[in-house]
Amino acid sequence: MKWTLLAVLAVVALVLSVVLGPAAVPLGELLRSDIVWNLRAPRALLAFLVGGSLGVAGAALQALVRNPLADPFLLGLSGGAGLGAVLAIALHLSGPWALPIAAFIGALAALGLVYRLGLIGGASLDPRILLLGGVAIGAFAAAITTAIVSLADAAELRNAFLWLWGGLSGASWDSVLLVALYAPIPLVVLMAASRPLDLLALGEESATYLGADVERVKRRVYLAASLLTAAAVAVSGVIGFVGLVVPHIARLTWGHRHRSLLPAAFLGGGALLAFADTLARTVVAPRELPVGVVTALIGVPVFALLLRRWTIA
Amino acid sequence: MLRRLLFAVLLVVGCRPSDRPTVRPSRIVSLLPSFTELLFAIGAGDRVVGRTQWCDYPPAALSIPSVGDGLPPNIEAVAARKPDLVVLYNAGPNVTAAKQLERIGIRTVLLDLNRLEDLGPAARTLGRLTGLEQQAESLARAMDSLTSTNLHQPPPTSTVAFIVWDNPPIIIGHGSYLDQLATQAGARNVFGDVTAPSAQVSLETIVARDPQWIAVLSDSAVPPAFAKRREWRAVRAVREGHFLLLPGSLFGRPGPRSGQAIQQLRMRLQRDGVGAQHAAPLHQTSR
Amino acid sequence: MILQLQDARYRYPGASGDALNAVSISVGPGQFHAVLGPNGSGKTTLVRVALGALIPAAGTAQVDGRAAHLWPRQELARVLGVVPQREDNLFPQRVRETVLLGRYPHLSLWGRERAEDHDAVDRALRSCDVAHLADRWLWTLSGGEYQRVRVARALAQEPKLLVLDEPGMSLDLKHEMGLFELVLGLVRGQGLGVLMITHDLNLAARFADSLLLLEGGRPVAAGAPNDVLTQQIVETVFSWPVAMQTVDGRPQMIPLRQTKESRA
């Protein structure tokens, strides 16, 4: 029953994304409209894929670092991506894909650094250090970014920060295809880790005794979640709250079994972001709000409600 | 005795240095390219001893020492030029900088320069300060005429959208002087209903409003990078290569050459107006 | 023999001495072994080496005849059920859900839980006398109930041998007695082997078949409780005067108070 509802919600969110928008497209012309096919449809699908990826990455990371407040962007990836993008602009790199590729490489560099830090205690990946390292690397990257912006040609770079705030404006069938081809691999890796993630909630020692290869699982989950997040940032900037709040909402209905939690987080995250993007495009038309702002505006009250339930349950 | 004391007090009170200069400023630092141009235009160019690195017009300005990028102003660099007047654009960080300069005894003036209407008053103020009121007045009148309601102004013949950034798309709205340039040149800004100087919009809005021209500030002769992006090709003007590539030095800010800018823009639009498909003049690309 | 340590030696990296030295123990089906010793005597290290989490520098640690650290984790979990000292459950769970986690060693990567898995859970719940708590949230349980649930989870693994690390710690008298009775019942009734680490000398002596007493990583005494818990051995190892009594044929030690005279 609940799966049906979630599927319906997802479909409704997608349909609204395609039907609604600042440009008035009459219902009769929807199927023929250039705007719908070349702009709204890819944008809706990209929102769904990115939102879904962030939801799953968030759920997996919360289990990995054993912290319900974990968000995919706590790992320093957004700082790395921002630095990559700003460097691309400062160096006047051309090409329509220069920004996303630079952001992706920046995110990977941050991922590598944080991973190395996480291994600091030896061969075992320490999730607490992953968290702390992520925050530190993110802050470091942000500082360098600010320095570059203040030293170089200011106008263009200030606009780059708007990009970082999260935008699906760059959505096209190209980016949808790219994400659709890329995301399934880390998504499958995370799904395959569903049971070990359940066990990890008991603690690493207990998980080992219940048959989980804890080291392998930690590595795989961290890398897969980070790769998903890096792609999301590269394609749509930093969109907060989806990865943090969606897993908690999903847990309220589906519980903690990751086998059902992860797919629910995917569908829920996708629906949420598609819906938020529709709002971003329509509430102040013809102007547009950064979608990261809308997800925060929706996410914070939802989060507050969840906190209340947590203290009761 | 008392009268002398009173006179002395009045003299001291009445002669605060920052209030009433008895000497015309001869060492001026200009912290905005438009002010540099204005100062040269009214004949005070020889008195300018400091400029920002962006001040590149007229060519004579290039031989004046630079005091940095001016964002925010480098107080020490400015003070090193020993100015007796610093001209700043009236906005956030500059207000703080002006206070700091005043604190070390340097006279400053903050001028608004956001729209074409601000050009006349700015010219007049500079004229008053430098004692070149006559030259400033004639320039100011020319500036004023740019925005005076022109009864013979024909209705706009083309539509345009100014794109400042592509991802997310940021357009110029009614509050900006670029919008004014367009209107004066006979083009309608399709985003004239947006009151802010600039705003983020959805790409589909640009597609729906279908401007004939996409204007970008660019010193290059090739279309901007976003023209190749798949989602931007939904915009007709992008598909057809109808770009107006406007050099930053002339079009990037209001200044004495704004009239020239309007003329150029008007000529471009009339020459390559609706129906002309084979033109391949400067700064327009067709595919 | 299900679990066997032979002359095992282990030193933690950077430590000045061995945590385990020449320790041997073997536990078979239907046998209840307890490992005792003061703090830092190597009890937990013994468990880790026996379970393959640590590789001994000398000697062997084997499970079912194969070196413990070579066992694939999931396979090992079908033979050994472990109840560690600490558990840090991150998210709220119900009893049945947490016991179901014990079935994971039997589940394939993508397969669903089958009827036999749910049956195993029910059996485990009944064995541990927590079936009536199946739908309760874990955080509503008492310490004793929670401990029984954890044993139930280990039982759900359908292991041959249970390893319990200080299971009675922080339990009150009634619940600690209940736990030991439960474990003994499993040994006698289901033929499980049990290796238990405990600091409770008296309960170990009452319930276990065989004791191993460690001190400073070395075995001091091993065998039947009557042979291991003598007054002399206990006083030497624990550095405290005791009096010994016999209850149910098993030695029980009573610590004596130290007055200023007796300390002299």
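Going by the order they are written in, the chains are A, B and C; count residues from 1 in each one.
Just so it is clear, contacts are C-beta pairs under 8 Å (C-beta built on N, C-alpha and C of every residue); 3 or more make two chains touch, one makes a residue touch a chain.
Since we're looking at a predicted model, the values are computed, not measured.
**Q** Name the shape of the chain contact graph, picking from line, ring, star, complete and other.
**A** Graph shape, chains as nodes and touching pairs as edges: a line.
**Q** Write down the chain pair with more C-beta contact pairs when A-C is set against A-B.
**A** Counting C-beta pairs in contact for A-C and A-B gives the edge to A-B.
**Q** Need the most distant chain from subunit B, centre defined as the mean of C-alpha atoms.
**A** C
**Q** Could you name the chain whose CA centroid falls nearest to the centroid of all protein CA atoms?
**A** A
**Q** Where the centres are mean C-alpha positions, what is the separation of subunit B from subunit C, in Å?
**A** For subunit B versus subunit C, the centre distance works out to 81 Å.
**Q** Between subunit A and subunit C, tell me the centre distance in angstrom, where each centre is the average of that chain's C-alpha atoms.
**A** Their C-alpha centroids are separated by 44 Å.
**Q** Centroid of subunit A to centroid of subunit B, CA atoms only: how many Å?
**A** The separation of the two C-alpha centroids amounts to 40 Å.
**Q** Going by the contact rule already set, what residues in subunit B reach two or more other chains?
**A** Expected reply: no residues.
**Q** Sort out for me which residues of subunit A touch subunit B in the complex.
**A** So the residues of subunit A touching subunit B come out as 21-25, 34-35, 38-40, 42, 94-96, 98-99, 154, 156, 159, 162-163, 167, 169-174, 281, 285-290.
**Q** For the complex, give me every residue of subunit A touching subunit C.
**A** Those in contact with subunit C are residues 63, 66, 68, 192, 195, 198-199, 201-203, 205-206, 208-213, 251, 255-257, 313.
**Q** Please name which positions on subunit B make contact with subunit A in the complex.
**A** Against subunit A, the touching part of subunit B is residues 69, 71, 164-165, 167-170, 191, 193-194, 196, 199-205, 207-209, 225-226, 228-231, 233-234.
**Q** How about subunit C: which of its residues touch subunit A in the complex?
**A** Listed in rising order, the residues of subunit C that touch subunit A are 51, 53, 73-78, 80-82, 84, 86-93, 97-98, 101-102, 104-105, 107, 109-110, 157.
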